[in-house]
Structure formats: structure tokens, C-alpha cells
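Consider the two complexes below, in which subunit A is the common component and subunit B and subunit C are the respective partners.
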Partner chain A sequence: MTDASDGTLFAQVRDPRNRADPYPLYARLRARPVARQDDGTVVASGHAEIRALLHDPRVSSEDLPPAEHPRTGNPVKDWIVNPLKDRIADRHRPFIFRDPPDHGLLRRQVMAQFTVARVRGMKRRTDALVAECLERCAEAASFDLVDDLAYPLPVTVICELLGVPREDEPRFHAWATQLATALEPESRKDEALRARNTETFDAIAGYMRDLIREKRKAPADDMLSGLATARDPEAGRMSDPDLIATAILLLIAGHETTVNLIANGMLTLLRHPDELARLRADPERAPRVIEELLRYEPPVHYRTRVARAPIPIAGTVIPEGAPLVLLFAAGNRDPARFPDPDRFDPDRADNQHFGFGGALHYCVGAPLARIEAEAALTALAARLRAPRLAEDPPPYRDGSSLRGPKRLRLVVDGIA
Partner chain B sequence: MRDGTIVVAGASLAALRGAEALRARGFSGRLVLVGDEPHRPYDRPPLSKHVLTGEIAPEATTLPGVGALRAEWRLGAPVTGLDRAGRALLVGGGERLPFDRLLIATGARARPWPVPDEAALAGVHTVRSRDDAAALAAGLAARPERVLILGAGFIGCEVASSIRALGLPVTVADPAPSPLAGPLGPVIGGFVAGRMEAAGIDLRVGTEVAHLEGAAGRVRGARLTDGGTIAADLVVVALGAVRNTEWLAGSGLDADEGGLSCDGACRALDEAGRPDDAIFAAGDVARCPHPLFGGRPVALEHWGNAVAQAAHAARAMIDGPEAAGRYAEVPAFWSSQFGLTIKSLGLTEGADAVAVVQGHPRTGRFLAVYGREGHTVAAVSVDAGRWLPAYEAPIREGAPFPPIVGGADQPSVRPVPSGLPALQPA
Partner chain C sequence: MRVVVDLNRCQAYAQCCYAAPERFVLRGNEILVYDPAPPAADRAAIERAVQACPVRAIRVEHDAPAGAA
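What follows is the complex of A and B.
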């Protein structure tokens, strides 16, 4: 069995042993840019094909299995009238799992909270937070970039932006890690995992419901207060289940993605020391470096969808109901779109990558992610003396979609 | 061709982008741009929008350049003729500019009110150039009692929206049954009519103006063909455009007020239909065959067409017509009016059917697809631009109409007659 006809390629992508370098598998998948796998999943790996499917209204984001309680069928700690809970949960999925028209209404209400003033304020705050993180590492000869900077920075930023008390962070650190598995295809089939996700969802939903109640009583200048009190001209006030689902989504998205951008980013720069030196000499290069990182080592390698109707594309037909994988990280390395795609080249022209997905579901937090990555990488380039990797490749986290190092130990001669 | 002399007739968007594309493709010779206006190239879309509302000063529309152009400029110098045999462009003031290659990008001008004496009345405006927009903005600053806009095409509607936003009373008159009837037909036109009326526009469809009336050299209103009158102390004539080709008379090239005929490589055609290997055209003035139009010639007045066609012509000029291939860019344009963003892909000309395939006019967000003889030819989104790219491939391929059925947020898809005129036989 050779290359594209190998219907296990995507299973190999998910195999943790291939986490450090999935790109050769992506190249083999691209030989058939829309390829059916042995388990019926259809994987799109070509840039043009991914772009077409991202915009296709037959491609649905409502691909989660129906909510059902894994043990008894009855909810445990509940916040809504019990027998209705599952149906309500089904209807009030976070907007990353919703299609138009609901998706657009919910997304618009979130975007309305991402005000210019808020994002600008976060830019100032981010620089200060990076400096604090580096202060704490100042005396050490080596540190873990993930634990000491790449993780705490975005978490603090999203907590402050949403108005979630930073001291509660240890509680939802675990919740976020658990719920982020919902983006991995394995979670759809693994009953035990789904059971844990349901329990976790109950816990975090209870927490958010109480927090939102507080915000309504005493609104502050944060996004949760804004979402809880705003009234959209078309959609009216966001319902409590939608509000809770949205808050959870933003919290998790703030936890699980930017950490990869920063960690993958520093890893890539350390593997390309010339580029690290150029960034140190010229911090103005940061935006180009970050766009290229989003192409070359994106924080989210793929997202899943489902075909609502048969879709003819690339000489094949995606059958109705087929689970669909949009393999962004493979499209980002498509030689038909990017010359010399496996080269890390911040000076690349016309860099239309899928680092933030695309079309209707284009990452809501993209401006924030860019700000955080710029603050972190320019500070690291400027202040670390002779940084080098303690291990290469580093150990990776479990996820093949949200892919990034679990740990990134750096050895330094000091921090300026 | 990498050296020698290239002259560009015109100094607007297509001329500038064409010149830049020539340099980007390695042309290192002498490059001369000739424009009849005194201004460096500027951007026209804001002229019917933010320039009229005062948000952008007319002179702030100057187009940013890409890279070092190293060009000679002849501004305020209208082209007066073409000596094809002698390979020279004749410029007002008597200058004779010899060329090895010529790019014709003289564009179009606003079609004036057909009665010259009436068109000359004070208070009668057109909107095409930066100076036109500045003059209209000055007229609006005097707070006219009522503005009458003749024509409810894209420019008429955008101008109506901008002027209404200033709080001035506005009447729009058009003989068609709805606004935008010519380019989009009555389905989307009817939706826009509702928005116009909600914005307080006095919309008179099915209304034909016979004469403009004046007193003491100033416009006072319009007399209609049915005998009625509309009082207005400022009139905007928005009746489309005329291509600037008069200067080509006697050159032997196939040109008229509908444009200069070209082949797929943007080479100008002579009256016998033979391409001239040294003369190219791009932008509003160029009438090129388009594969989406069954190879019929079409002159497109789109911003994106000016940019893409100029790049195509530049490639053909430098690398040869075979390297450039046939121009086949999917036409695209947008319009902002009455708080709506309308975007279009493809060519609606001659479409016989239209169907709303996503969203619904009731919600204010929808996408309609146009078909001709069972093939998909165009898609138009209203406040739903993120849906539009899905339709590019079906349009390019002429997919069965309606395409892409069975998606999220799709109503039951029911095609209706487009209300657009049929194509003239090729």
C-alpha cells in the first residue's frame, strides 16, 4: 500500500509517536487532497480544497455527537430543569460548534465585546505580564518556557479580559485541559472520555453560572459583564445557556491555543538561529515572523466538520454525513500554494495561511493571539542570553489537533 | 520585452497598477504615464461615499504606490490621437510620444445629461472624478432644499445614501421598476428599495425625467414624461459611463463609446479584428472576450477588474501574449449603501433566473445566485460576504444552477425569473 491510497494516514497523524513531526504524513495525504480514510473520515489537506470547504455551506460545524448523560441518563449537579437538560445542552452548544444563522448572532455579540480599547489595553498589559514572567526566571540557568511563560501569559490575559478571578485559575486549568479534548476526534468515540467531559462541563458551567450572576449584580468593565448585560438589536439578550457556553468556549480557547503559538514559535526560532538573531536586531520583524509561524507551525493543526449533503470536490464526492477533517497545517505546507513550503521564511509574500482557520469560524481571538505572541517572542529574543534547547524534539502534549510541546526546557546564560 | 519605451495612456487605477506590474515583471526602460487630469492616480470608490459625507477629503484619495515606479508623468495632458503606423501617442499641447508598446487605460467618464443646455445649469452634477466629487460636496455644503438623483444604479444609490446621511431630503428617479434593476434585477433591487425608503429616500421608480428646468442659470427641478414635476435645487446625473475612446477615431482600432475591443491577451483589435502586437488595453475602456460570458466581449467597470486586467496586460506586454494566456479573472465588485455591503462575483448579464440560496432577505443577510440556461453565472451577497467565496468555483465551472444545495441556513431554494434582459445574440 502506498501513499495516498493508504487509508490509515490520518490515524498515523493521531498516533502520538508522530507528534513531533507530522509533516511527512501531511505531504503523503496531499497526494490526494481530499482523501477518504478507512474509518469513513474524509481528510482535506490541499490549500485550495480546504479553502473551498471552509466556505461551503454544506460543511457543518455541528459535528458533536448528541449530548447524553453517560451513566444514568439523568444529570447530576444540574442548573436547568433536569429532563430537558440534554436537549438544552444540544441546542446551546458554543458557537464554534454552531452553523448559521445562530452562529452569526452569537459570534457578533462576542465580537462587540472585543472593543479596540479593550484590545489596546491588553497590549500594554501583555508587555508587563511578559516582563513579570521573565523576572521570575531571572535567576535560573534553565527554565520551562511552557510552564513559566507560554501557559501563564494567555491564561492571565483571558482571565482578565473575561473578568474571571485569577485565583480560581487552578480549578479551571484542569477543566480547560479536559474540555479541550472535545476538539480531538478520539473524544467522539471514547465513552469514558465523554463521561469525564460531561462531568467537567457540569462543574465549569456551575462555576460560570454563579460568576455571571455576580456580574449581573455588579457589572465591571470586562467581557463577561458586557455579554451578560448587552442587548443585541436582532438577537436581544443572550440566553443563560448560550452565555455560559460562550464563556466556557472563550476561557478554553484562551488556555489551549496561544500557549502553542508561543512554544512552537520559540522552538522554531531556536531551530532557525539566524531568524532569532534577526528578530533580536529588529523587533519590527515580529508581525512577519508570527504570520509565518502561524503557517509553518500553527497552534491548531485541524478542525473537524460534517458534510450535510454530498459535496463534489477534487474529483471525488464527500458523502452526506461523512466526518470531515480540514487539515489546516497540511494546507499551510501545500507546494501548490506556497513556494518552498517547508522553509521557514518570514519574508514570504502573500502568506494566506490557515493559522486561524478561515471563513465564518475564523478565530475570534486572532488579534489577541498576535499581541501575546509578539510580546512574548520579541521579549525572549531580546532578553535571553545564548538560549538553547535542552531537548529537541521536546515532549508533546497528547492532542494532534491542538498540537504543541508539553514542556520546552531552555538553557540560558542569563536573562537581561 | 525588458527595455525600450512603454507609454501608458491614462493615469488612474488601471494605468498605475499596469505600470507597477510592468516594473515588477522586469521592465527597465522608459515609462511614461499620460493623464488628462492634473492629479496623481487616485481611488474612485470613496468619491461616491466618504468624500461626499465629508469623512475623507477629496485629496486624501491619492493611491499609494507599490515600489519605485521610475516613471515620467504627463499630467493635465489629454491624449488627442494615435499614430499607429508611426508608433506614437499624440498628446495635447502637441507633444508626440513614440512608443515600443502602448497601454491604453483611458477609462470612462460620466454619461452627461443628454440635453447640453440643461446639463450646463448650475447645480447639476455628475460624480466620476475627484474634482466632480469636490464640486458636489461643496454644493451639498450649501444645504440644498432637495437633491434629485437621476438613475438608481450603483453610483446613484451610493450617492443617495451618502447625501441622505447628511440629513438632506433626497429623491431618486429611475425608469426601471426597482433600483439596481439593470445589474441585479428586481429581487435584490426590491430589497434595496425597502432599505432606501426606510432611510427616508423619496424613491420614484418607473419614473422618467424628460427635462431639467432652471431659472437664472440654476436648476430648479425636473419635468417628468408623464407631465409631473419634481422640485430640486441640486441634481446628480447618475446615468452610467461613456468610454473615453474618441481620441482613437481614425486610428483604425475597433473603438466606440462601449470601449476598445481587445483579444484575450488584452491586445487592441483593429477594425478587421486583427490584434495589434504593440497596443494593449486594460480597465474600464477595455472590451475583452470573457470565458464566463461565452467568449463574448465585455467591458467591466470594476475596481478589481482594473487591477487584474492591468496586470494581465503587463504580462502580455513583457512576456508575450502566449505566456499571458486568456484573461479569465472572475469579475467581482462591491458596493456600500444604506448600511449594506453588497458583493458580487461573476456576470449577471443575461441571467434568466435567480434564487436566494443562503439566509433570507427578512433577516437582512442573504446570498442570491444567478443562472443562465441552467448554468451558474453569478452570486451576490447582501451583508453576507463571508459566504461568497464558496460560489467562485461553481461560477468558474458554470456548475448546474442552482449550485450548492443542502447547506446550513438555506431556505427551500426556489428559483424565480431574474427580470434581467436577455443577451443579444453573439
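What follows is the complex of A and C.
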């Protein structure tokens, strides 16, 4: 058996023992840039192939298990009853799991609230929040970057943007962690996990329903009030199930992604002390450093899709109905696209990474993530005296898709 | 400083509009309007826009410093 035909490579990627360094597995997967795994999942790991599939209309984000409604041969069931059932279930699915045309309408309504002014308005606030976090660590000889900065910063920012009371955070912290597992492929097959996620969704949906009712009564200058009261010229007012699903998605995305960008970012800079020193000397390097981090150690390693038709690509055919994994973090290190891809090099030209995905589903929160990462990393570079890692590699969170340290303990000689 | 956007590459991801809102604006969600000669004071904002573009469609040419050959 040749190495690339090993149909367990993606299962190995999901194995927690490989969390600290999945990149050698990605290199082996790329030997077949579109590779069928033993469980029928198809994994795309080459840059060109991921890019083509991101733009392919036969690739769907509505990843219901394909066997949920097997064809019965009864046309009333196949074409009316079951699609209607799907339709109703659909309304609880946020736009990240939707296809055109619904996806476009929902996304447009979110973007209408994600205004340049509102996002840019968070810049100064973000700097102040970073300073507050570092203030609290100032007396300690060591601290946990995840608990003390990388997690609370994006959570506070998304709460303030959405208009979700920060003091309720302990309640939805657990909900967010639970629902983030919906992005892991296991959630498709694991009935117990699906049941737990449904239960959690009901709890958080109840919370959001109450909050949205309050926003409608007394709208404030926040995104949730905007979403609850705005009227799109084409789509009209967003329905309550869509509104709740959207609010939950934005809240969870704010909890589970940027934390990894900041923690992976500082980990990478500490492993490349020259780059940390250069950032300290020249904060204007931050945008380059952050784009390279998004390529080299992205917060989201892959997203799943479903093939809605047979797709010939890279010398193979993705079968209709096949679960599809777009392994962004592997495409980001494809030597066919990036010279010397395993080198962390903020000066690389032409850095077209998949750090925020791409095409229709490109990360809505990208500008916010950039602002938060820049505020955090420039402050850490400027203010930590002689920072070093207490453990390398650090322990990782469970997710293989949303991948990042669970804890990143730093030892410092002081905080300026 | 001169800014050139390859509008054949541009796919209206709008990341430049967040990075440098005074110099890049999307009209009707798909037509990019931009300032081809921004002031030198905007250098950092323009650099953010260049770096943030998902399809690398923005190019900047810096003026030679005064007195340089």
C-alpha cells in the first residue's frame, strides 16, 4: 500500500495525539490532493483543488447527512413531503450551513449590520481591553495567555457588538463550547453528540429569543437590535428562527475562533524570537505577521461540505452525496502554491491563504479578527519582558477543525 | 504613493474597505471605488488593505524619497 492511499490519514488528523503537529499528516494527504478515506469522506488538501471546490456550485454547505431521506420511489414523499420537512428544519440553520439563494439574503442582512463604522469603532475599545487584561497579569511572574487574554478579549468584543450582556457569559460559555463541536465531522455520525447539541441549541435559542424580544421593545445601538428591526428591500424582516440562528452563530464564532488566532499567534512568535523582536521594533509589521499566521497556523483547519453531484477533479471523481472536507490548513502549506511553505515568513509576497476560508462563505468576522489579533499581538510584543513558553508544545483543545491551545502558560520578567 | 487595484481580480470581499475606509468604498456591494493617490499619512492603513485583500488585487507604488536618484 502506498502512503497516499492510506485511507485513515484524516482519522489520524482527528486523533488528539496528533493535535500539536498535524502538518506531517497534511503533507502525506497532499500526495493525493483529493483523497477518498475509508469511511467515504473525501478530503481536499491541495491549494488549487480547495480553491476550485470553494467556488464550485455543486459543492453544498447544507451538510445534512445524505442518508436522512433516502429516495422512496413515492413522488409525493420524495418531492413534496421530505423537502418540506427539510425546509422547516432549515430555518434553524444559520447561514454558514446554507446555500444560495437563502445564504446570500441572510448574509447580506448580517453584513448590513457589520458596518465599517461599527467594526472600526471597536478598534480603540479593543486596545483598551487588551491593556486591561495585561494590567490584571502585571504582578504575576507567569500567566495563561488563553484564559487571561486570548479568550476574554474576543468574547467581550462580540458581546458588546451584538449587545449580549457580558455578565451572562458564564452561561453561554458552556453552550458555545458544546455547539462548536457541530463543526467537527464526528457530530454527523455520533447520535449522542447530535442530541446534546440539539439540547444545547434549545437552551441558547431560548436565551436569544428573550433577548431579541427585549431588543425589539427597546432597540439599542448594537447588531442584535439592528438585525431584529431592520427591513431588507428583498428579504423583508428576518424571521425569528433565522434571527436566533444568526445570533447564535455570531456569538459562537466570536468565542471559538479568534482565541486560536491570538494563542497560535503568540505561540508561533515565541517559536520565532527574531520575528517577535521585529514586531516589537516595528508594530507596522503586524498586518504582515497576522496574514502569515493565518496561513501558517490558522484558527480553523478545515470546513465540511457535501457534493451534490459527481465532481471530476484531480484525476478522481467525488461521488454525489460524499461528505467533503476542505482542509484549508493543508492547502496553506501546499508547496505547489507557496515556496518553502513550512517556513514562517511574514515577508512572503502573494500570500493567498485560506485563513478565513473563501468564496461565498468567506469569514464575516475577518475584519474584526484582524483588529483583535493586531491589538493583542502588538501589545504582547511591546510589553512582555523576556517572555518564554512554560511548556512547548502546549496542551490543545479538543477540536481538530477549530484548533488551538487549551492553555498557553507564559513566563515573563515583567510587563511594561 | 500610488495605489492600483486589479479590478479583474477583485471579487468584492470588501476587506480593504474595513482596513482603509477613507480610501476604499464598495458601491452597490460590488463596484470598488478607491483613491489612486492617497496621502502619505495613510501609509499604514493602505498597507493593511494590501495585506488583507484575499485575492491580492491591490498594488502600491511608493514615491522615491526626495533627493533620491
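Structural remarks
Rule of thumb we're sticking to: the second predicted complex is superposed on the first by the 385 of 416 C-alpha atoms of A that agree within 3 Å, B and C clash if a C-alpha of one lies under 4 Å from a C-alpha of the other, contacts with A are read in each partner's own complex, and residues count from 1 in each chain.
We take it that a residue touches a chain if its C-beta (ideal position, glycine included) is under 8 Å from a C-beta of that chain, and two chains touch if they have at least 3 such contacts.
Here the structure is a predicted model, which is why all the values come from computation and not from measurement.
When the two structures are aligned on the shared chain, A:D398 is found in touch with neither subunit B nor subunit C. Touch criterion met: A:G104 reaches subunit B, while subunit C stays clear of it. In the superposed model, A:L360 lies in contact with subunit B only, and not with subunit C.
Legend: residue contacts after superposition of the two complexes on their common chain; A:E291 is shown touching subunit C, with no touch to subunit B. Once chain A of one complex is fitted onto chain A of the other, the partner contacts of A:R51 are limited to subunit B, with no touch recorded for subunit C.
In the superposition on chain A, A:S60 makes contact with subunit B only, not with subunit C. When the two complexes are laid over each other on chain A, subunit A has no residue in contact with both subunit B and subunit C.
If you check the complex, the residues on subunit A that touch subunit C are 108, 116-117, 119-120, 284, 287-288, 290-291, 350-352, 356, 358, 362, 366-367, 370.
By the touch rule above, subunit C contacts subunit A in their complex via residues 13, 15, 17-19, 21, 29, 44, 47-48, 51-52, 54-56.
Those residues of subunit A that touch subunit B in the complex are listed here as 51-52, 55-60, 62, 99-101, 104, 234, 308-310, 320, 359-360. Across the complex, subunit A is touched by residues 357-359, 363, 365, 386-390, 393, 404-410 of subunit B.
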